[in-house]
Every structure is written in C-alpha cells, then in structure tokens.
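Structures for review follow.
Shared chain: chain A. Partners: chain B in the first complex, chain C in the second.
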Partner chain A sequence: MTARADGWVMIAPLTAFLLLMLALPFAVDCIYAISRVSFETLRAPRIVGLQNFAIVLRDGEFWGAMLFSLRFALLVTAAEILLALALAIFLAPLLARFPWLMAPLLLPTMVAPALVGLMYRLVLHEFVGAVPYYFVLLTGDSPSFLGPDSAFWTLATIETLQWTPFALLILYTAYQSIPTEVREAAALDGPGPWQMLRLIELPLMRPALLAVGFIRFIDSFRVFDNVYTLTGAGAGGSTTTISIYIYEAFFRRNDIGVAVAASMILLAVAFALLTLVLRWSERPA
Partner chain B sequence: MRRIVAALRWVVLAIAIAALNAPVIVTLITSFKSDAEIAENPSLTIEHPTLANYTRIFAMADRFDIVHYLSNSLIEAALGTLFALALALPAAYGMVRFRVGLAWLFPAVVNQRAIPLIIFAIPIYLMFQAAGLLDTRLGLALIMCLVNLPLVLVLLVNAVREVPAELDEAARIDGAGSWAILLRIVLPLVRPMLASATVLAFIYAWNEFLFGLILTTRAAVPVTVGASFFFSASGGGVRWGVAAAVMMLSTLPPLLLGLFAYRHIGRSLTAGAVKG
Partner chain C sequence: MKTILAAALLALGAGGARADVTVLGWPGGPEEVALRATVEDYNKLPSVAADDKVKLIFFSRDNFWDKLQADLAAGTAEFDANLTATYAVGRYAPFMEPIDLPASAHAAFSDGVLKTMQFEGKQYGVPTDLSLHFMYYRSDLIAKLLSDPAWKAKYTEIAQAKLGKALVPKDPDQWNWDDYAATALFFTKSINPDSPTRYGTVLQMKNLLFNMMVWHSTARSYGGNWEDTSGAITVDGPGYRAGLELYKKLYDAGTSPKDSLSYEYAEANAAFGSGQAATMLQWNAAFGDLDNAEKTPAVAGKIGTVAPPAGPDGRFTHIHGLGLGLNASSKHKAGAIKFLDWLASPEAMTIYAKAGGSPALQPDIVATLAKDRPDLVKLGTFAGQYGFVMNGATSAKALQIYELQAKEFTGYWAGTETEDAALKATATGMAALLKK
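This part shows the complex of A and B:
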C-alpha cells in the first residue's frame, strides 16, 4: 500500500496550489458577495445578505453586458465553426500533402489577443490605417469601424479571424482521422458529396465539433483582452462585455460587492453550461 | 476541371493566410515606414524602408523600457511554465498509476478552463497584496502557472497513460521507488509530449494580459501590458511607426516559437481540445 501513499504525495503539491489559488479566492468571493465592502473595509466586510445580487440583477448595464457577451459568443462560435469546417474540407488535400502549411494558418493564435487589439487600432485608424485606406480607394468612403453602431461587428470579426485557425486545426485533424475504409464502405451506396458530409463525416466529427464549440463559446463569452485594448468599454459603453463590466465595477467604481456578485452569477452560468455540455457529449449519437 | 479546383485551393489558402494574419502583416509593414510616409501612404507598400523605428525604441528607455518588459515576460512565462510542469507531471503520474484523485482532482483542474478566471481576480488581488506578491515576477508566474494547468495536466495525463505499466513493475521489482520510476522511466518516455506542452504553455503565459494588468504596476509589468502603456502614455499623438515596432517586438517571441514549433502546437492543441 506504500505505492498508493506515494500517489497521494505526488498529487499533494498540485492540490495545495489549487486550494490556495482557487478554493481560497472562491471562499473570499462567497463572503464578499453578501457583504458591503470597499477598499477601505476589506478586512471587515459587513454582511448584508443578498443585496449585491439584487443590485446587479436590477442593473441595466449588467444585462446589457450579459446580452453583449451572449450575442458575441454565439455569433463568433458559429462563424468560426462554419468557416473552419469549409476551409478544413476544401484545403484538406493541400494540407495532407504539405503539412507545414498549417504553420502560417495557425500563426494568428500565437499572438496575444491584447496585442491583436492594439494592432487593430493601427489597422483601422481613419488616417493611417490600411483598411480605411483601401475602403476609400474602392468605395470612396469608409465606415467608422469603432463607432457605436459597428463596434460589435468589428470586434466579432477580429475575434473570428484570430480563432478560426484553432477550429480549423481541430476540425481538420478530425476530418483526416476518419478511416478510409469508412469512406469506401459508404461510397458503395453511391451518396453525393453533401450526403457523405451530412450522413457520414459530420457525425464522425461530432466530438471534435462539440469540443471546439464549447471551448470557443466559453472563451469568447469571457472575452476581455482585445476588447479592452481596442475599445475599452468604449463607443459609449456599447462594447461592455461581462468581463469588462466586472473589471470596471471593481477597479473604476470600487463596488467590490457588486463586482463579486456579478462574478458569482457568471460562475453559475459557466457551471450550468458545463454540466449541460458534459451531459450532452456523453449521450450516444 | 481538376486543375482548376487544385489552383483554386492555392488561391483560397493564400487569401486565408493573408486575411487571418492581416493585423500582423500590416503592423510589420508599418514598422518599416518613417512617420512621414505613414501619414502619406497607409497602403501595404513601402517606398522608403527604414529601421529607424526599431532603433528609436531602444533610445527611449528612460520613458518606455521595452527591454525591461520583455525580460519580465520571458522570466514570468518561463517560471510559470516550469511551475505548471513541475506540479502537473507528478500529479499526472500519481493519478494514472495509483488512481489517486483521478475522479475529483482531474475534472476539477480540467473544468477550470470553463471558468472565467476574472471571477477570482478580486480575491487574488487582495491575497497578493497581503502576501507582498503584487507587482512581482513570482506573483505573475504563479498566475501563469494557474492559467496553464488545465492544458498541461490533460496533456501529461494522456502521455502517462501511453506508458506501459509493465515498465514500472519491472523497475519496481528491481527495487526502484515511485519517484525514481517517475524520473528515470516515465519522464524520458513522455518527453515528446512534455516538449509540446512546454511550447504551448510558454506561449499562453507570454500572451496573458488580464492579470498582468491587475497585479502589476511597474517592476513586473509583462510586455502585453507594457505595449498598451505605450499607447496610453502617448495620448492622442501616437507615433505609429514606433508603436508598430513595439508591437512587433512584443509578439515576435511567441510568433517565432509558433512558426518553428507548429508541430508541437498542433499536437498539444488537438490533444488538449478533444481529450480534455
């Protein structure tokens, strides 16, 4: 039984680290969420019950941020999967012959999202940016990409362009790993390419599709870096994602209880979603 | 017809590569233009290429010390990656071989990826304040370790599962202890996956922004945050040539790693996503 004791010793450092870095902060979160607390009273929070939650749930800005993040995540995830699926299937013969072509395709995911946000300040700048320059050249006019009406679409496009390569890699790998025999056997029934895709290939790629969809939904729902560096809450508050909302409540308004209460609601949503996806992915196809 | 489709594939590939990498390409081009040319010619051509923007960055170290930010990022990302590997490798071995914590610790870590870490930002800020870790390289390295643990643990658990248990048993009969087996038998066999995990973890750590923004102010500022300082410091009158050069230098390390180690990245991203 000494070997099993070794096992406990081996997981102990990781467990201790997580208790310290996640469990303890979570416990603090739970207390602050039901307290009135500011930077001055951090060590003496006054318990006030569910008041913070009531404030958050009645705050129009909170719902605006939730709605922004939800729309953003749904749109971006769907766009990335469709784009990546089309590219993966169309480019599969090329990528199979020249695997190194994946390198330039994956490159965007290597750049820090915060820096991508900064780069687009240059790319979209009305006087020195390349995109407005070519818009004017081709159409005689250029939209204001970061104005209140278009900021959502600009940010969604930026996010999609950066993370489609991730979806492409996962979906291409899944597409390539469909056994040749399966395709050959299915081909005997003489299906068209669309039927092949819909009835054979897509169902076999289901785990990969679910994984990509889930990871990208969560990541784009909690998006912060590129939005913060490109627009901040910017454009008249029209780009306040839920992460930006929490950040502003804490660091700008010193509303610690409210920020933490909003965090807890976000955690509950993430957890519910996770449970849902786990159930769904374990269900046989 | 076949030829046309084949040619079309190359065209689509070229467009995809250009569109996906557009911000980096535009920034790279701008970084080789003089201020005068940037104002006059925002197109993708360079009439008079110059390196002046790059030399200028290093001449302004008193106001904007990029070498300091770059070395912060390098040390923090390296430490953060090392911590994650050091915590995850023994844990992965303990979980797979001794079935300890596989049912609770493993899912707890892996599902951490689904939780927006910003919800822990506030208490971590307060804890760091109490522990004197605010604005220190060690403090940010601990965060980068936390951020990387889900991926690194999934990759290492999968790698350890591939190691035949008979090897362990043979070594145990020869009198080797669990730690000796881990270091002498298992570690060499999982080295390829360890390398892949290291590359991706380093890149993710380098690219971390939110906690850098919250937990550092001067001494430990990583380059992602430093680069955004450059913009806010220059107010309305951003010098775009220098800004572009700053952004290129900040993103070059992960970019080069990604280009040369794309196989590692492909492998770790795929394994992490589908088995995670």
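This part shows the complex of A and C:
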C-alpha cells in the first residue's frame, strides 16, 4: 500500500464520523429549513422555499430574543474578561508559587449549567435560599432576584460567576507566557505599571484576549441551560434567549421548519463573527 | 467448546425471545411509587405469562413531555405503553393507538373520568391519576381570625381600604375571591405589621403552562372560557379580565413573594411550607408533603384544604388526568393491552390508590378506600362538584394554547404588557393555532 493510500485509510474513520455526525444532520437541517415540517411530518416535509426564513425575520419575538442574547453576551463577555484579567494579574505571583490553586478556582466551570440554574433556584429562593436569608437578617427584607426588573442582571451575574474562571485560565496562561526579557527591556524605558500593562502586556495578550472573548461571546450568546432552569422564557418572554426561542419553536410550537431556519440564521451570524475575529487577530500587534 | 457455544447461543436466543412489556411512567412522585407497587402485584399474577411481565422505565420530569414527543415521533419501540395527559392527548394521538377498555373499566371509572383520556371520541389511555386544585390555608391562623375581635376589626379595615368593601372574615369553605383577597391582604406584613406571616398568599406566576391551569380555576369562576359552545374564542372577555386583574392586584399589593413571577409548584410549596404564607391555591398532590411533619414541620398539622373560592359563575377547579396508553410503534402490543386492561380494573386501581396514586374512582370503590386514603374522597367530591375542562382544552394544540396564555398573561402581570394587548394577542394566537 502506498503512503497516499495509507493516509486515506487513516483518515477514513474520522471522515466517516464527521459525515455521519455533522454532514448528515446538516443536510437534513438544510431540507427542514425550507420545509413546512412538524413532529407528525418528520419523514415527509413539504418544501416551502424561504418561507420559514421570512417568518423568522418578520417575527418580533425572534428579534427580541436576538437583542436579549446580544445584550447578555456583550455584558457577560466584558465582565468576564475584565474580572479574569484583573484576577490573572493580581493572582499571578500567587499562582506562580502555588500552581495547584488554579484547580479549585476552575471548579465552577465543572458544574453543568443546568445544575447551576437549579442550584440558584434554591440559593435565591426567599424562604429557603442562603442569599435572601442573610438579606433579611441584615436589612429586614430581601430584594427580588428574579423579578421582571432584576432577572437579566441576576442571570448575567450567575453566568459571569460560573465562567470567569475559564477566562482566567486562558488569560493567566497568556500573561505568564510574556517573555521576561520583553518586560526587562521595556522596564529600561521606565514605564509605570499602567503603561507596562497598556503598551506592552495587553498588546502581547491580544490573541488570547480575542480568543477568550470570542469563545465566551458565542457561548453566552447561545446560553440556554441555566436561564431555562431559572426563569424559563421569563414573564411575558422577557428572558427569551435565542436558544430558548429555537427550543420553543421546535418543541412547544411544533414549528420545526421555523426553528431550524432560526438556527441557520444563528449559524450564519456565528460564522461571520468568527471570520471577523480571525482576520482581526491576524493583524500585527 | 462447541457445547458451551451452543449453550451460550441458546441462552442468548431465549433472552431475545423474552420480550417484557415496557411501560414509561410519570417519574419522581407518588405516581411512580404507586405504579411500581401495582406492577409488582401484576407481575405476580399466575395468569401473566413470562413474556408479558411489565418492566417500568422513567425519564426525568424536566421537559418530560418534549422528550416523550421526540421519542414517539421517532417511532421508538423502547416502551410499549406510555404516559399521556388530558391536555396532551391530542398532541400524542398521532403516535398512539386507541384502546378498547373492558367492561370492568366502567366499574372503576365514571364516563366523565374516562373522557379525560379521550380524543375525537377514542380512548387513548387508562386514567390513573386525577389532578385538581385545593385552596390551602393555615387553619390555626384562620381559626384566630374568625375568633379574635381585634383581628376581625383590622381585617374589615384593610378590606375597606384596599378593596373598597367592608368584609368580615368567613370560613374558607364560604369564600369568594374577594374574601380570599382580603385574607391575603390581612396576612401580609407590609400591609398589616401585626401579621404573623410575611405574605398573605403565594401565587405561581412563572411563564409556564401548568401555572395557567392553576389560574384557570379563578378565570372560570368569573365566567372565563377558551371558547363558547359555538367554537368562538372568548378569552378576551370579562371573565378572563377579572381573573387577570385579581392576580395583578394581589401581586402588586405585595401579598405574594416578590419573585412570584418565577414561581412554580416547588417554589410555592417552599413558601407555604416555610410558614410565611397564609394561603395558597395549589395542586392537590402537594398536601401529602406539606402535612408531613418531617418534611415541613412549620405547617404540618395546621393546614386546611377546601375547593377554590367562588366567583360570580360558581366554584370551579381545573381537572386533568394522567394515564397510560398504547404506543403505536410498540412491538409487544398484545402484552401491553393485557396490562392496560388489567390496570383499568377496580382490583388494580385499589392497589394503585392504596400505594399513593390519585385515581378518581367510582363512589363504591372510594368508600372502601376512605380509611386509607381520606383525601381521595375529597378528590372525588371536588372533581364531581367543581371540576371543569376549558372548552377546546383537549385539542391537538391545547398545550400550545396554554403556553401562549402563559407568555401573554405573565407579561401583563409583570407590567411589560397591557391587559388589552395581552388578551388581544392571546385571542389572535389561539385563532391561528386552532385554524391550522
């Protein structure tokens, strides 16, 4: 067998796996996206052209969900990056001396998001939760954590608390990998700590910042589990993320074609965003 | 070696031939406990062949109905009989097979109860459990309210100030919705600093279809319905408005916890069980845990239950049934039908009820169970006297309609939508759903 044939043989299992697990479902999705299809007609979709896309794009709830997800993702990504950057810099000496400390710091990321949602349903419950208990103890009253005015901020806080350690891990690694000689050379010009951070360290960390920003933005934009278990779609649909919109169209409204069309739009947005970020990260520092 | 291989193949073949009847039940509650006990007895019957023994499986409760929908649509044969419910009979009917129950089923269930498992005149399940609503109240607090002159005077003062009516305390079994509202206001600390509870009631207002069922008991008593007898959609009417406004008034007045807009069954039970809410409109299934001194010591032994308060059109409680029916894709239909036929008998339902299930049974069977399950007497009485199903609420799109109402009405309660807009959107959405 030639080396070329060996290569084909070696890559065949992975190719078959990708075709089966990605290409085939994607092809089915492409058909469903242009079909009128429900659970009753899964095997006999009726082609309707771009009608589903038109329904989605004209649906105020879709745009409401997109706006919620965008606000949520921007806020959460910014908060996580800022917090993680601050922690990476302040904890750097400690983590350099005791590297094992990173393990307990990463614990929140190991909990399934759905469980995080369920956990906070308990933690924030006015009568059984620890947080309201101490509020009542100290102030005589407990605020509404999941009411219509506060649900967004509570959800964003929970998401930030869970995923900041992930950003910390990447940014700390990037911060640590800045060569000592670079810092020493810069120090000869006598910059203050802020100048060192702004002019030397942050530009060198840009690829890591962009990577973590992109991953966390996409992840929080398509958030589902913890929001769904905590507030569901929210009062009047006020906490409907784009993933919840798709889920409800699929399972609750039985409009599978519309749900798949909405997820195709989401895929296109994510793809465009990824292309932009990649181009930006390739620019010289 | 050949002998060993042959024996192994024989054993494998025998294993393959033994096809148990697999039943998918409702997990994690008294229904599961009852079904396990009933199946255990069924499997011991000498008339049940080894191939027809029943095996139980359970999903998680979270999004149970969506998972069931996906499995049924995929044509799964992993279970032969599965759960269905009054509000979902139409949704699952395309994937299930109607059953003809034996005459013994009529000895166990009334026609009305059997109808909770029917769609387009066909029987799709055995009605194993009936759910309805109780008005739960703190009997110790209400007893004091009915006897303490100072509390009575304060109650009337609050009712006059907040509701514009000089009401006097009444026995909960005589309440109309004004009496309930006045009691909720009286037992709210922010309104009456002498109240022993923080809140007068606890409302379940999360955007969730089951919460709509609870609220429907209020709306129906004010004359609200999904459709009139001619099939015209009637939600945008005075009955629905009165019910919506009552909830909004109570929530805005602070009689229910601030996070009530994220409350469902468990949260409401936790609030009432903490001893910090005086009343609660809740499913009958909650009583067992709330009255259990080990689980809820703060209120156990101090709980009264009556049917929901009366409105101008009378006193009503939403009812729906859970039941087990036949999966159309089952590979073992004969065995599954045999089990379902037996399950619909008085004998099986007696076992089921004694083990903790909540079937609505014929009065003569309930009489034999009254000592073990006094709550079943109340269940049967309330279902018979006050039970209702909204017109159209067993249609194929019923679940979507519940979802639609939940979204729109929680928007009104949260203040993000006007009542007019919510009702108009509901009526329009319902028309579209029922037209498809």
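Everything that follows uses one rule, which is that the second predicted complex is superposed on the first by the 283 of 285 C-alpha atoms of A that agree within 3 Å, B and C clash if a C-alpha of one lies under 4 Å from a C-alpha of the other, contacts with A are read in each partner's own complex, and residues count from 1 in each chain.
Assume contacts are C-beta pairs under 8 Å (C-beta built on N, C-alpha and C of every residue); 3 or more make two chains touch, one makes a residue touch a chain.
From a predicted model like this one, the values you see are computed outputs, not experimental measurements.
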| item | value |
| --- | --- |
| Touching partner for A:Leu101 - first (chain B), second (chain C), both, neither | first |
| Which of chain B and chain C A:Pro203 touches, first, second, both or neither | neither |
| Partner chain in contact with A:Phe224 - chain B first, chain C second, else both or neither | first |
| Chain B versus chain C as contact partner of A:Phe251, first or second or both or neither | both |
| Touched partner set for A:Ser238, first chain B, second chain C, both or neither | second |
| First (chain B), second (chain C), both or neither touched by A:Val128 | both |
| Which of chain B and chain C A:Leu42 touches, first, second, both or neither | both |
| Interface residues of chain A shared between complexes with chain B and chain C | 42, 121, 125, 127-128, 229, 251 |
| Touch list for chain A against partner chain C, complex | 39-40, 42, 121, 124-128, 142-148, 151, 229-238, 248, 251-254 |
| For the chain A and chain B complex, residues of the former touching the latter | 3-4, 6-11, 13-15, 17-18, 21-22, 24-26, 28-29, 32, 42, 87, 90-91, 93-94, 99-116, 118-123, 125, 127-130, 132-134, 158, 161-162, 164-166, 169-170, 173-174, 207-208, 211-212, 214-215, 218, 221-222, 224-225, 228-229, 242-243, 246-247, 250-251, 256, 259-260, 263-264, 266-267, 270-271, 273-274 |
| In the complex, chain C residues that touch chain A | 62-63, 66, 69-70, 72-74, 94, 205-208, 257-259, 261-262, 267, 270-271, 273-274, 276, 399-400, 403, 407-408, 410-417, 422 |
| Contacting residues of chain B [partner chain A, same complex] | 6, 9-10, 12-13, 16-17, 19-24, 26-27, 29-30, 38-39, 42-44, 86-88, 90-91, 93-95, 97-101, 105, 108-109, 111-116, 118-124, 126-127, 142, 145-146, 149, 153, 172, 177-179, 182, 203, 206-210, 213-214, 224-225, 227-228, 231, 238, 240, 243-244, 247, 250-251, 254-255, 257-259, 262-263, 265-266, 269-270, 273-274, 276 |
